[in-house]
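Next come two complexes, and both contain chain A; in the first it sits with chain B, in the second with chain C.
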Partner chain A sequence: MSTATTSPATSPAAIPATRLLLRAGLLTLLALGGTFLLDPYRNYQLATAAGIFAAVAGLTLLVGLTGQLSLGHAVLMAAGGYGYALTATRVADALAGSGAADGVAGLLLPLLAGVVGALVASGALGVLLGLAAARLRGPYLAGLTLALVIALPSVAGTVPALAGAQGVSAPFVPVPDALAALIAVEQWHAWLAILLTSCAVTPLVALRSGRAGLRMRAVHDDETAARLAGIDPGRVKAGAFVASALAAGLGGAVLAVVTQQVSPGAYGLGFSLLLVVAAVVGGLGSLGGAAVGAVLVTLLPWLVDQATGALPADLGHRLQGNLEIALFGVVVIVVMVLRPGGLARLVRGRSRNTSLSTNTER
Partner chain B sequence: MERLVFLLSTGLARGAVLALFALSLVIVYRAARAVNFAQAAMAVVPVYVALAVTSAGGSFWLGLAVALAVGALLGAVVERGLLRLVPQETPLPGIIVAVGLVMVLQAGLAMVFGPDHRPVHAPFSQRPFDVGGVSVLSPYDLFVLVVAAVVMGGLALLFSRTSLGLRLRAAAFAPETSRLLGVRVPRMVTLGWMLSSATAALAALLLVPTGLGLDPHAADVLFVNAFAAAVVGGLDSPVGALVAGLAVGVLVTLVTGYASAAAAPLAVLVLLTAVLLVRPHGLFATREARTA
Partner chain C sequence: MRSTTSRATPRGRTGAAAVLGLTAATALSACSTPAAADVPGVTDDTVVIGTHQPLTGPAAAGFASISAATAAYFEYVNDRGGINGRQIEYVVKDDGYNPATTQTVVRELVQQEEVFAIVNGLGTPTHSGVLDYLDQNGVPDLFVASGSLTWDQPEEYPNTFGFNADYVTEGAALAQYALDTDPDAVVCVLGQDDDFGEGILQGVELVADEVAVNETYSTADQDVTAQLGAMKEAGCTHNVLGTINGFTALAVGTAAQMGWFPAWHVSSSGADHPTLVEYLGEDGAPALEGLVSVNYLPHSPSSDWYELFTRINDEYNDGAPYTGNTTYGMSVGYQFAEALAAAGQDPTRESIVAALESGELRGNGVAPLTYSADDHFAYRTVRVAVVSDGVQDFVDAAYEVSESGATAVTPQETPLENEGVPAG
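Up next, the complex of A and B:
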């Protein structure tokens, strides 16, 4: 969206590091506190939405700032999920073997090791794809990532460690004893999801508002001009892809913590396209929009399921799982045709329009 | 050895379908400088219509004709009604609209016709001929090869020997100049889309009897394989699409036959990655043609 990225409204000045961290910490605390208002099922949905948000944030940054479209971010999430599940299981087993599985260390070590595993796995895949992204433009990268999504079940079936269609299970993370009296397990998982997601999104905010974001915009708007200004477009594109992949990997780790399961079926083409939907609806390049989009793709299918459950069995069976996809498709088309900036543009557009009208009156 | 002959001959028939679909991608790329990511979903819709016609008592041939007409109509509707509404300077908006269209079409088909596989019978026997103790092509495979050859020959004649073909090519390569010379460029773009989606519908119709049956996702893998073939051949080159389509078809069949069906998407992914990294402009296209 070259129009979106060149407009002054979407190129914010660099945010000072302390203010950024303060803002991130505040939002995270707010979200953590918010979990007290939700029942366990809502907290489960919140945790899922948080995981999706991390991936969509990475995707929206990639598409909005560098103009590269990945249709395969579900695979990067899956890489993170597998990385988390395999590493956390290993570490948990090793701790249980040495008799150190009790206490806070026994709880946190597998989790932290799993997160590192998720970052390594998704980062490695991100580097590989980033190398391709550095050389490819437009439809080629989209096609390559699409082929990757289609090949994911084959990869899972071919690599013995990934255990085929059944997938691998991730260790259950129980509520620490100190908190057990206070919160339920769903709320605890929502806390973990929020913390991990803020770790994924905060660097993206810094990246977006800092020099790196400026370079990405420069490469997107005019590659030749960027090259003349001493920017290496290949490196910028590859870097953006890796950053995006790491965020998606953390998102995959969040989903692995919440569902305790990683299987290729959960990260198919449909889910991958949903991530694109969330990014487009929220507004490409907007991280706040990504949050709204992630909540939307988590809640709408559930709402539609509730609505179709009341219908006659045959009709309900036909609509189930399809109606929301069709709705999302329509929304994506309408957004691209009428409001290419998505929700973010809608909110920001109003203030922009008023400032424009004052200019013309003058 | 017998197995190899059988797999090679079957691979050629699968490759012919792939080449047709890859050719449809090339046609639309040449006409509109865009890869149509909704091609698979758009190709399945006419197949559903053809199946409805056939099961309502119409012959296979009537179904085929209806499928081609519906495919062409769908191409025109999508180009005029959707893609013309978004900016064309960068490929991104068009691809995202195509993604939305895929979701609408596939979910819509599943809602209207139900999500299950529908068995589709081939108009000819699928039992292979026996040549000197070696089983080779089936009558249906032969039919596929003949149809593919006729259609490709026809398209080649259309593009290279007719006035319409000349206008189509001119509109694709030098839109401004051809506009000045009186070619109605927007109409040519729409025609390109119609030719492309009719060809894709034909490929999907030929594919379906050889697979599990018809469902909204029946052509998804065909799209990925054909995209790989089109990229290997160079997105601009019809000859490249033909050769690479046959080659990818043989590759997929050999991998499926000697390793497993699950390994085939991996082989295609590796091929696509290798070609994109080593020779991103494809094996048949010129470098200049690709930058547009």
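Up next, the complex of A and C:
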């Protein structure tokens, strides 16, 4: 995590830090327990939603708190995914020769190395983008990040290690023997996804509620005033971008663990815009809203698919792939008309609308 | 004080969201704990199987008609009592040729639809992403619609079987035919930048001493002008193409615009004449004259299978235009029906794999199937087809390819029996 934003944040948040960790731990346990209620396919959907949640959480913080619009978070996820897949594969191959491939070490080492790889890859890209973000504002940053998404397939096709449209595969993480009788592969992957996602989101919560969050809001509200108060807007913006990129990178790693593959097709323009939709519908700046938005963008295409399946084949085929895009547009419009603060407000009611409006309703 | 309240809010909201999510989840709940069950997808009177196909997206134009043909063949079989008294239910999911979507729809097929097997999942980039998943879940992964060598790894993926003649076989046969017809041929290769193109190139290198130029394209490309320019410059006389239909048409059309008419030797995955004519239009069609391709399926008007499939196509597929995809799709259907019939009165996932590995299945191709315990490819023999006066038909040449190269053989088509419905 960027030192510029985290280190000052820890001191004032020292007392609630234990409470924060406790809450994060409780919620994680609750989610882990929840997987027992789901069938394998829904656990797979849950794991996917968790990965998307990590990325949307980073994005919603970036857009909601500092006002930087990134349309390219899919690329940061892809960077995390590629980082995970390439590192984990290397480590798994190296272990396979050494005889340590079996047992817990053989299971965890590739996974952990892969996560580090994901953080390094997405962090590096995040730093580059953050440097640009410190100098660009509004539509220019959006344009830059948009260009990255469009360039992804070409980059994947040009760099041999990324293996073009076919993508690279990530090693499969099997269920540990001790748990094999208890849970299925999908549930195990959902667990991993939940754990990784909580590692991505909890620091964001700390950032948001700590001093760094205040700085971000200050920069968002009035850069000149922030500068007068001794805040360097460039550093704050770049730091926010890196934090957001790391969360997205972990989200990409989650998806790589779950699907064992990373390909540019999975991180196209449509998906990138869906992340923005999830952040907007959930409520900009709200992490709980990000969770709702992530679940929505995971489930809606599936529900549409179920619905079109019931239609006559000819009509169904024509609607497939198109209907969900239209539906997302409708959802955004309806939510914006009825609840401008996003779905998070639906849960919390309207009482706090006024106190947070400066940060979330731009 | 205010900062404390605002600090607590995000957690509160996350909590509320989590509870909401859990409530929704409980409503749809079922347990995830693994349990031993009957054979998935098989009941007393049905067998449910599934596939992933590009029905929308860039690859749809070339391949969407395959699953329709397969479904039509199954309907034909079902009308004649099915296999061992069981009706075959074929669930087709659209993946838009996007590997990420394939991941989702295949899980849907396995976990929601609880299919007995995945049959004819289409595409190398798409299917390689679900290979491990299917293996871990012990789902038979039959007749993958791609010629990548990936499907032939019986040790690692004991349940995966390829359908197409592998790309290396095709590449070797195409190049050998070029050398047999013109010993002075300058052989060049244009291939897709994945396993497909690489396999074709490997095959060409197996038989040709020298590949003058090797160019590649990506399916995201808009044109292949640069590649063809380089090939023309190098004086290629015979171009071996590892291209899908759309890019075969693009290559032939672009060369014709350059006023260049070399010999085209095209993989079966991209040499379907009616489809190519559709791409090029009637004006561009003459450029396809003399186009050489190879095939392992009975796609020839002189074949009994072709005649039967044409009838099924008229009756069960609303008389859709008959193309190579129709022969392909129906052959997939026939091959599955034959394997299912051989898997016994009460088929299990193990027994259908055992039936395939027994080596007793014949298929309906230009040579008997080569499946065995250590070979998970269907065809090692391909027959040459040439477009002549606008009709694509077999010539007498056929090649069997092994590691030592391509050998000319006499084709021996499996005869049609019992109206194309395998007996149990």
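In this section, the second predicted complex is superposed on the first by the 325 of 362 C-alpha atoms of A that agree within 3 Å, B and C clash if a C-alpha of one lies under 4 Å from a C-alpha of the other, contacts with A are read in each partner's own complex, and residues count from 1 in each chain.
Basically, a contact is a pair of C-beta atoms (placed from the backbone, for glycine too) under 8 Å apart; a residue touches a chain by one contact, two chains touch by 3 or more.
What you are looking at is a predicted structure, and each value in this text was computed from that prediction instead of being measured.
Contacts of A:M336 after superposition: chain B is touched, whereas chain C is not reached.
After overlaying the two complexes on the shared chain, residue contacts for A:G157 are found with chain B and with chain C alike.
When both complexes are overlaid on chain A, the residue A:S169 reaches chain C alone and has no touch with chain B. The partner that reaches more residues of chain A, of the two candidates chain B and chain C, is C. When the shared chain is aligned, chain B comes close enough to touch A:V280, but chain C does not.
Taken together, the two complexes place residues 153-154, 157, 321 of chain A in contact with chain B and also with chain C. Contacts from chain A toward chain C in the complex involve residues 13, 16, 20, 23, 27, 30-31, 34-44, 46, 48, 153-154, 157, 164-167, 169, 172, 174, 181-187, 201, 205, 208-209, 259-261, 263, 265-268, 271, 286-289, 291-292, 295, 302, 317, 320-321, 344, 347-348, 352, 355-356. Residue ranges of chain B in contact with chain A, taken from their complex: 34-35, 37, 82, 85-87, 89-93, 95-97, 99-108, 110-112, 114-115, 220-221, 224, 227-228, 231, 235, 262-266, 268-269, 272-273, 276-277, 280.
By the touch criterion stated above, chain C contacts chain A in their complex at residues 3-4, 6-7, 9-18, 20-22, 24-26, 28-34, 55-57, 94, 96, 98-101, 103-104, 107-108, 111-112, 124-125, 128-129, 132-133, 136-137, 193-195, 218-220. Within the complex formed with chain B, the residues of chain A that make contact are 1-2, 63, 67, 69, 71, 131-132, 135-140, 142-144, 146-148, 150-151, 153-155, 157-158, 269, 273, 276-277, 280, 318-319, 321-323, 325-326, 328-333, 336-337, 340.
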